[in-house]
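Naming follows writing order (A, B, C and D), and every chain is counted from residue 1.
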Amino acid sequence: MTDHLHSHDPLILVNFKTYSEATGKKAIALARKIFEIGNRTAVKVGVAAQFCDIIQIVAEVGVPVFGQHVDAFGPGAYTGHVTAESLKAAGATGTLLNHSERTIKIADIHSAIVRSRELGLLTVVCGGDVDVTAALSLLMPDMVAIEPPELIGTGRAVSREKPEVISNSVRKIRTVNQNVRILCGAGITTGDDIYTALKLGAEGFLIASGVVRAPDPARVMSDFCEAANRFSETGK
Amino acid sequence: MTDHLHSHDPLILVNFKTYSEATGKKAIALARKIFEIGNRTAVKVGVAAQFCDIIQIVAEVGVPVFGQHVDAFGPGAYTGHVTAESLKAAGATGTLLNHSERTIKIADIHSAIVRSRELGLLTVVCGGDVDVTAALSLLMPDMVAIEPPELIGTGRAVSREKPEVISNSVRKIRTVNQNVRILCGAGITTGDDIYTALKLGAEGFLIASGVVRAPDPARVMSDFCEAANRFSETGK
Amino acid sequence: MTDHLHSHDPLILVNFKTYSEATGKKAIALARKIFEIGNRTAVKVGVAAQFCDIIQIVAEVGVPVFGQHVDAFGPGAYTGHVTAESLKAAGATGTLLNHSERTIKIADIHSAIVRSRELGLLTVVCGGDVDVTAALSLLMPDMVAIEPPELIGTGRAVSREKPEVISNSVRKIRTVNQNVRILCGAGITTGDDIYTALKLGAEGFLIASGVVRAPDPARVMSDFCEAANRFSETGK
Amino acid sequence: MTDHLHSHDPLILVNFKTYSEATGKKAIALARKIFEIGNRTAVKVGVAAQFCDIIQIVAEVGVPVFGQHVDAFGPGAYTGHVTAESLKAAGATGTLLNHSERTIKIADIHSAIVRSRELGLLTVVCGGDVDVTAALSLLMPDMVAIEPPELIGTGRAVSREKPEVISNSVRKIRTVNQNVRILCGAGITTGDDIYTALKLGAEGFLIASGVVRAPDPARVMSDFCEAANRFSETGK
């Protein structure tokens, strides 16, 4: 799985947030749909699930599951926190860090990246603008995700509304880190948004409401995966 | 279960924190031991488990499981947070709130209590001293737990070192809330600590390292439960 | 001054927030106007100023000046924080605590109240609803201020829109604390709002945009003070 | 002043923290000593003072004064916060950001740098290790200060205990930012510590207890400034 995700073919990572459509049994059902579409289209997919749901999705579905956050410290007296050990024991593949809805301090981002790597968990560190995302790339996460907070959940796609955010990020990040996978997100709702972002240099996507709250999540997810394939075949 | 916990017979709630001895499969094994001892001695017991472990403990053991924290808001765009809905879907009986290792703002404590009650989750709100714990009792949680932070994890029992904290808390809390169950914790390692605290007016215990990190957790848990029974029979 | 504020005649405390109209030299000018109106009408007034401005307002104006926040700990290695000692050295009369724009943890509220009292600083602890404000009253601050956050800055006065918040707060707070002065705030823009709130049991006001951002702050402040006097003479 | 600080001659910036030895009138007296020694030795000096003390030190002493923290947002409804406008109005030259005792989120560091620059305030962004400090350098502050938190306040100088932290930081930071002034700190107590750090590539110092809590702050400050001069004359 980890090898799989380390190549730079497009990755579509669906963030379940705390949406009721993606909690408990519904989280399992949605993860299954996403996994099946990924398999059918041969596009890499994953889900970022709520902590309580991770172990069941891993056990019943098989799709790579990411945590939505991890705390910086190890096992011990940290009531109410989430350790990398706990995510690992639940079968997670990796974790988001510093999502705009769960920002943390830079020293904690750094510690969490180091600890996650030691345990074999992939890290996806989120940033809201070009400069911050480039700075975070210097901390050597496996992936960064750039999501302008003002577009999150709006249906106004970053690749249409602020294409320069993607192209500038890719350029600036590459001056300081040649290996990090660059995801983007915020407002993506159509296959065309996906295709455009890949053209601009994105290597994957962090998507939430665009799939989870769509009237027909499977149809949207299929569109996204097909657009990714269209790009892989013709767009480069 | 909830009815069961609502009576005021002594309750022993074991906080697993993020201890490696209580993570993943080890969490299930430890929860099973605690549940068996509770059943054998007819003492009410519960565990406060890490988020990722709740669903498995519920499914495989049957002991009442509490979250260690819950966030104040409902389903929605709250990446990396833990909603009461998520705990409920995982089968939790209730949750800790405001543990000294995971303190939150009073407006959030209040919202989390209200939301938890709506979903049928019990709340155990922690405070570090008499005045704060009494103030929190006014927010109508199901239980409060008073734990002087300076004694947590020390093996110096609150019931020996600061018995007046327990008796003063009970007295002050009862002037503002006649129904809340009053737990205590911090440093409790022997059955005598349990007995003494019950004599002082405690109605239950929040215990972590005293059980989880003991050389023989089952033996300590048995001691605790037997002391609770000794009190129920003779001490009142 | 402190004695003066301890009586329960209406107090009008103007929160300067970080408004540009109330920063630096403008803060001094505004504080002077407020002080003069207070003197002319014989109504108790005070201002809650930004940290950097406190010492100058104290030196040049003479009006009681409150901090807008204080941290819970004493002198030491706390870079970037604000101690009660620092406020005291600057000549402050007291401080706000837990304003809805600067909420802190309940254990910190408690510590800050205790430390402030030791140094002779008055505390005004803010809460957003009846239950939270009553709970905070148990921590024995000198004053509480109830401000429904959804009305702050709206011009929709709490005394008109949610009069029951004031009357219920007064009733509930008095069951647990007979001495705390009860302020209210949020949306107050006219003398009638003041009069009505005093009728409902409020003993003072925490007011921000209603004065600071008014086209003519002096006129509004005069209206408020005159309404307070009208109540003192006839309304009780 | 700002031009003065922009050259890369050694700068010694004394952080007053919330030490009682550096609060109120004592802050003014200490700042005066530091300024006089800087003038006598022709070494650039500054102080990072508590918010309440800034305006008086500026007015009475003339030494460049830095805030110890600034919040990310502008004027408005931000009770209890510190805006760049407020620091500017008080006459500050610049501000610390993200000190290990007052860490903030990376997006806020970025906003605060941008806002401070617009107002003509210098920024000194602190980091605890090489990687984090290099990442923060990408956000284009005027200065960075690397202070291993485990050495702060210990009297065990970073230049003796962890010289590689300084040399590695300088090397790594220079790959991403050629202009930022690189300060170091933590445990520095003697002129030799200063000299060694300058040899390793440091261009200045952030010093707290080493001066403020010394039995004779003026003597220590003189030693530091003379060591800086010794380096400027012979050490390069």
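We take it that a residue touches a chain if its C-beta (ideal position, glycine included) is under 8 Å from a C-beta of that chain, and two chains touch if they have at least 3 such contacts.
Source: prediction; values computed, not measured.
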item	value
Pieces of the assembly after leaving out chain C, positions unchanged	one piece
Interface residue identity across copies chain B, chain C - same or different by half	same
Equivalent interface to A-B, taken from C-D, A-D or B-C so that over half of the residue contact pairs match	C-D
Distance from chain C to chain A - Cα centre to Cα centre, in angstrom	45
Intercentroid distance (Cα basis), chain D paired with chain C, Å	35
Of all residues in chain A, the ones touching two or more other chains	100
Pairwise chain contacts, counting only pairs that touch as defined	A-B, A-D, B-C, C-D
Complex contact set, residues of chain B against chain C	98, 100, 103-107, 109-110, 127-129, 131-132, 134-136, 138-140, 176
Touching residues (chain side chain D, partner chain C) in the complex	15, 17-20, 23-25, 48, 50-56, 68-69, 74-83, 85-87, 89-90, 96, 99-102, 152-153, 208-209
